[in-house]
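Here's the structure we're looking at; comments come further down.
Labels run A, B, C and D following the written order; every chain starts at residue 1.
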Amino acid sequence: MGRFHAENLGGRAPSVELVRVVDLVEEVARETGERLGVPWSTSWEDLLRDPEVEGVVIVTPTALHAEMIEQAAAAGKHVFCEKPISLDLEPSVRAVEAARASGTKLQIGFHRRFDPDWVAATERIESGELGDVYLFRTSLRDMGPPAIDYIRTSGGFFVDVTLHDIDTARWMVGEIDEVTAFGAALSDPAFAEAGDVDNAVVALRFASGALGVIDNSRVAGYGYECSTEVMGSRATVRVGHHRRAHVEWLSPGAATVDYVADFTQRYPLAYLLELEGFARAIRDDSPVAVTGEDALAAFVLARACDRSLLEGRTVRVRHEERADGVLYELPEAA
Amino acid sequence: MGRFHAENLGGRAPSVELVRVVDLVEEVARETGERLGVPWSTSWEDLLRDPEVEGVVIVTPTALHAEMIEQAAAAGKHVFCEKPISLDLEPSVRAVEAARASGTKLQIGFHRRFDPDWVAATERIESGELGDVYLFRTSLRDMGPPAIDYIRTSGGFFVDVTLHDIDTARWMVGEIDEVTAFGAALSDPAFAEAGDVDNAVVALRFASGALGVIDNSRVAGYGYECSTEVMGSRATVRVGHHRRAHVEWLSPGAATVDYVADFTQRYPLAYLLELEGFARAIRDDSPVAVTGEDALAAFVLARACDRSLLEGRTVRVRHEERADGVLYELPEAA
Amino acid sequence: MGRFHAENLGGRAPSVELVRVVDLVEEVARETGERLGVPWSTSWEDLLRDPEVEGVVIVTPTALHAEMIEQAAAAGKHVFCEKPISLDLEPSVRAVEAARASGTKLQIGFHRRFDPDWVAATERIESGELGDVYLFRTSLRDMGPPAIDYIRTSGGFFVDVTLHDIDTARWMVGEIDEVTAFGAALSDPAFAEAGDVDNAVVALRFASGALGVIDNSRVAGYGYECSTEVMGSRATVRVGHHRRAHVEWLSPGAATVDYVADFTQRYPLAYLLELEGFARAIRDDSPVAVTGEDALAAFVLARACDRSLLEGRTVRVRHEERADGVLYELPEAA
Amino acid sequence: MGRFHAENLGGRAPSVELVRVVDLVEEVARETGERLGVPWSTSWEDLLRDPEVEGVVIVTPTALHAEMIEQAAAAGKHVFCEKPISLDLEPSVRAVEAARASGTKLQIGFHRRFDPDWVAATERIESGELGDVYLFRTSLRDMGPPAIDYIRTSGGFFVDVTLHDIDTARWMVGEIDEVTAFGAALSDPAFAEAGDVDNAVVALRFASGALGVIDNSRVAGYGYECSTEVMGSRATVRVGHHRRAHVEWLSPGAATVDYVADFTQRYPLAYLLELEGFARAIRDDSPVAVTGEDALAAFVLARACDRSLLEGRTVRVRHEERADGVLYELPEAA
């Protein structure tokens, strides 16, 4: 993922000038720096000390995110960081507050907010064309599971995967009052042994009264799925595009099209545009599109899904509108 | 709906010979009989006494279904009856038992089981091509609501609408262990006043462990929706066809296709084939495709959805496999 | 094809009452008559003498069509006949004139005129929604070739296949002034040996000035194709639906739908509706939708394609509007 | 178009380093240079003398192309030039020979060769998956016409528009033996007055024996169309993707998707990739994907279309395979 972002930073995002690359693994740092024609090192401090660096893009293991955000904020660097900020609420909050206190920007990698299709749909919803929202429905499914070692440290299915859909739900429809989560470990006993699930359904009730449904899978098999439908009183919109090449291949009795295999195939443009958007926010000193507060909101709601699954009940969540953004309260155990 | 079935019986289902039509309203009976060229009357008894009549197709208000099934069974007539058999379990069970006792066939109008698309998908699932089922997802949505008077006597959203999806779930995936229902009255306060909802989501857990999601609406607005997806370990299948005419109309900047408005537009063939199937089952003395026991199962599960919504909790349902078919137990209040 | 029509006549077309079936092969006649529950015989004369018979459906080898139409007309029977009336112009004209003289109806089997999709598109064109037509484009392709023996007596590719597209062009856009035909025998030398082609392109110039393109193939391989596009000044319409079951099957990396294999799969409804339309025209004494004159027009234009291919040049055709319909003149050799 | 290319050169094509921009109009030069952060001038000579410049991208009126290619070749600069090289054959040939003589690369802007969809289809054809090609069919249509002043100096519809399809035909299927062109001026008498057409159909016969059909329009109205089908003995492939946003908008009774309006909406990626490809060919000293010889071939074939339309006959064209590429002979008047 780091290399993927580096490619975009290195020559495809017009507003970005890549200054340097850092990786703890010398070989990766050197190979990437040389390919992209920029200085490289294995030292995060080099980067924080470099006066030319205005912003940093953090693509490290989750365990390092929060501290790095704090250090970057202290060094006056804007931060783009992959989600989640942390697997715990407290360091997440601290990181967000550090960025806020230092006046630096913090953007979290909910790339779907930059995909032109989702943006087009959301703009039409916001313009009122859809009327009142009745139902939000979304699917996010991986073709195959990651290594079980990853699963064990992932923070669980809801924080690792559903988080994206929760953010999309908040973005397209609004704040959420209730979550009810259902899960099952169906493909491999390793999921159950790790205390996790490989398929899940989450029912939502929005503050507006609208209903929502999320389905997620680690093992869709046929490909990577990311599609959403929002049904409203005046119209309904569907987003979902799953082809790399727009070629229809006709063989005896069948018409076949390809299906994307993963998020890099599905969202090449969104991943480019989120970095371009981050750079523009810095250049124009305008707000970033996905804030640390958004990341906190999705995180708390994902943890509420954990609780719902564990306790077998609907979990209500409270939120408060503040100047800095919405603040959700982590619900207590029953 | 009676006239709709009569048209199919009168000249489109090859194995059917329409013998007579009966309607309490003389004008409807006469007009239909004359148009289709068969005797007509306003007397149900005429029909039961007619030795030429092998089977009857009952399309009356729900309140009359159960008793008419019993009477037909007593008269030795096979019965096709629209769903539900009754809004109460006891008369439903009695009607099914009456048919069973008399050795007559009883087929319930779950038309989707006769739609060639659904049949093709289900056959491929049954053949093992899909592998293990992980997720079942289905939508059934009406374009606009019926009159509020109908709502008041409909038995509620789950018995009136969700019943179809529950039957499809059982047919395509298998028996169901748990339901959790969510509902909201969003379009018109009349729904809430009638103690009903106009949008609903139902989460299912199948006996196999697979998860399921149903979404239903009375007010989809854009058209009539009936689409299903079954995701499995080897493949995933999607069914859903929503066009009357397969014409693409291109005007400046837009490509537009039509969308069906109701079930008669969506399922003309399925409604024909369910009557043809009923006639063939009589002719060949073979089992009907949707039994009274299937209707009872769906009914109990829909009532479990009512309870789930009312009590705000997941409801477990027990079922028992018997020689005559599966028997679900109506769950008790919490 | 005879059995296919007989099935539709025997129980699916509400306005039709099948009176009897006739086939020279006793076994076919008996088997069909018994299955459909009507008298059968091997004698065409039986049918012509039967006073109960109002109309006949002729599905015999082309060589017999013209004479049978004349005989039926003489007996006062309305006729539905498969295309072409004859491989020669003179008997075709005589048959059409015989029907006209006897006051009986003659309908030719251009089934596409009864397909609901084509009808919907044509109605919108006729209503003016499309504006002026600029381009007509249509494809008719068979999955695989018929036996070479059939090819030898088929009258050639243009009369056998392109005829349908020529009729569609006249129906949707209007009369035709010029044809230029291109052909090639690419799949099997047997086509060239039979003096025929297996792939063809025909350019049209309509009397309105609009351009047209037809492509035809005997060897499309992937399936049966029948699709049309009409581009106009205000809108463009596309018709073409090629699926039996509307099931999308997703397997790793691919989404696959089925493709129809032949005209029976593509046009079950159109074949039913053309017979129903014939019966209604008789019952209501209204004009048939495809007249003998229409068949003559398409025939002459197909022969003009032959000439164009043979002589390697554009062929102009003259037509005259008469009370009975348009009359095209067979063009002379260069 | 110059600005469009400049945007891609300035920050989206990773292998490109934009050195300077030149435009005769000072304001355009300055504005573009300043926006992209590179030196600018109004002098073509500045550019030719700049030792840092390895290649130039020429987006000037057609009348200047050939001479500029020669000058750039003389200065040792590689050239990317928009099509056509010239409206006359002789200067076109001279330009191509100048580049060849100087050992510099010359790439012509047939962008479709860089579109990932077309590339994917062509690779599968080349790999043999399609078998023998029977039919090639392609459409290229503009939503609305350019100013009539442009039409008058465009070189005619075939050189201006059909040229792209001819190149695609040669690329996907192979060399061409015969063209027959049909045209009509239907939307506006100005086309006829300018001696041009606004709609055209071109039939092709390939050297392999395969048939081909091109249709082109200046006035499609509904949008920009660019779609191709290649039918083969083993499979058939269709390419054509016409959406900016992949959003389906459902309103009462209709499902609507957007349709692209012009080539910039249709081919953003292809236009970027053709410049990236040019840069890589320079960097790696590898052949360009579309040569000057390819441009000459398409040009001669487009002129053969002119002749065919003018003389109302099929025009045969001869080609010769040379070391430098195929050479087509301009056909003589009949």
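Heads up, the rule we're going with is that a residue touches a chain if its C-beta (ideal position, glycine included) is under 8 Å from a C-beta of that chain, and two chains touch if they have at least 3 such contacts.
These numbers come from a predicted model, not from an experiment.
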| item | value |
| --- | --- |
| Interchain contact steps from chain A to chain D (minimum; 1 if touching) | 1 |
| Intercentroid distance (Cα basis), chain C paired with chain B, Å | 40 |
| Centre distance in Å when chain B and chain D are each reduced to the mean of their C-alpha atoms | 57 |
| Overlap residues in chain A, where contacts from two or more other chains coincide | 221-222, 234-236, 250-251 |
| Chain-level touch network, classified as line, ring, star, complete or other | complete |
| Complex contact set, residues of chain A against chain D | 7, 10-15, 116-117, 120-121, 124, 234-241, 244-251 |
| List of chain C residues in touch with chain D within their complex | 131-132, 134-135, 137, 139, 141, 180, 182-184, 186-187, 198-201, 203, 205, 209-213, 215, 217, 219-222, 231-236, 312-314 |
| In the complex with chain D, residue positions of chain B that touch it | 143, 221-223, 242, 250-259, 261 |
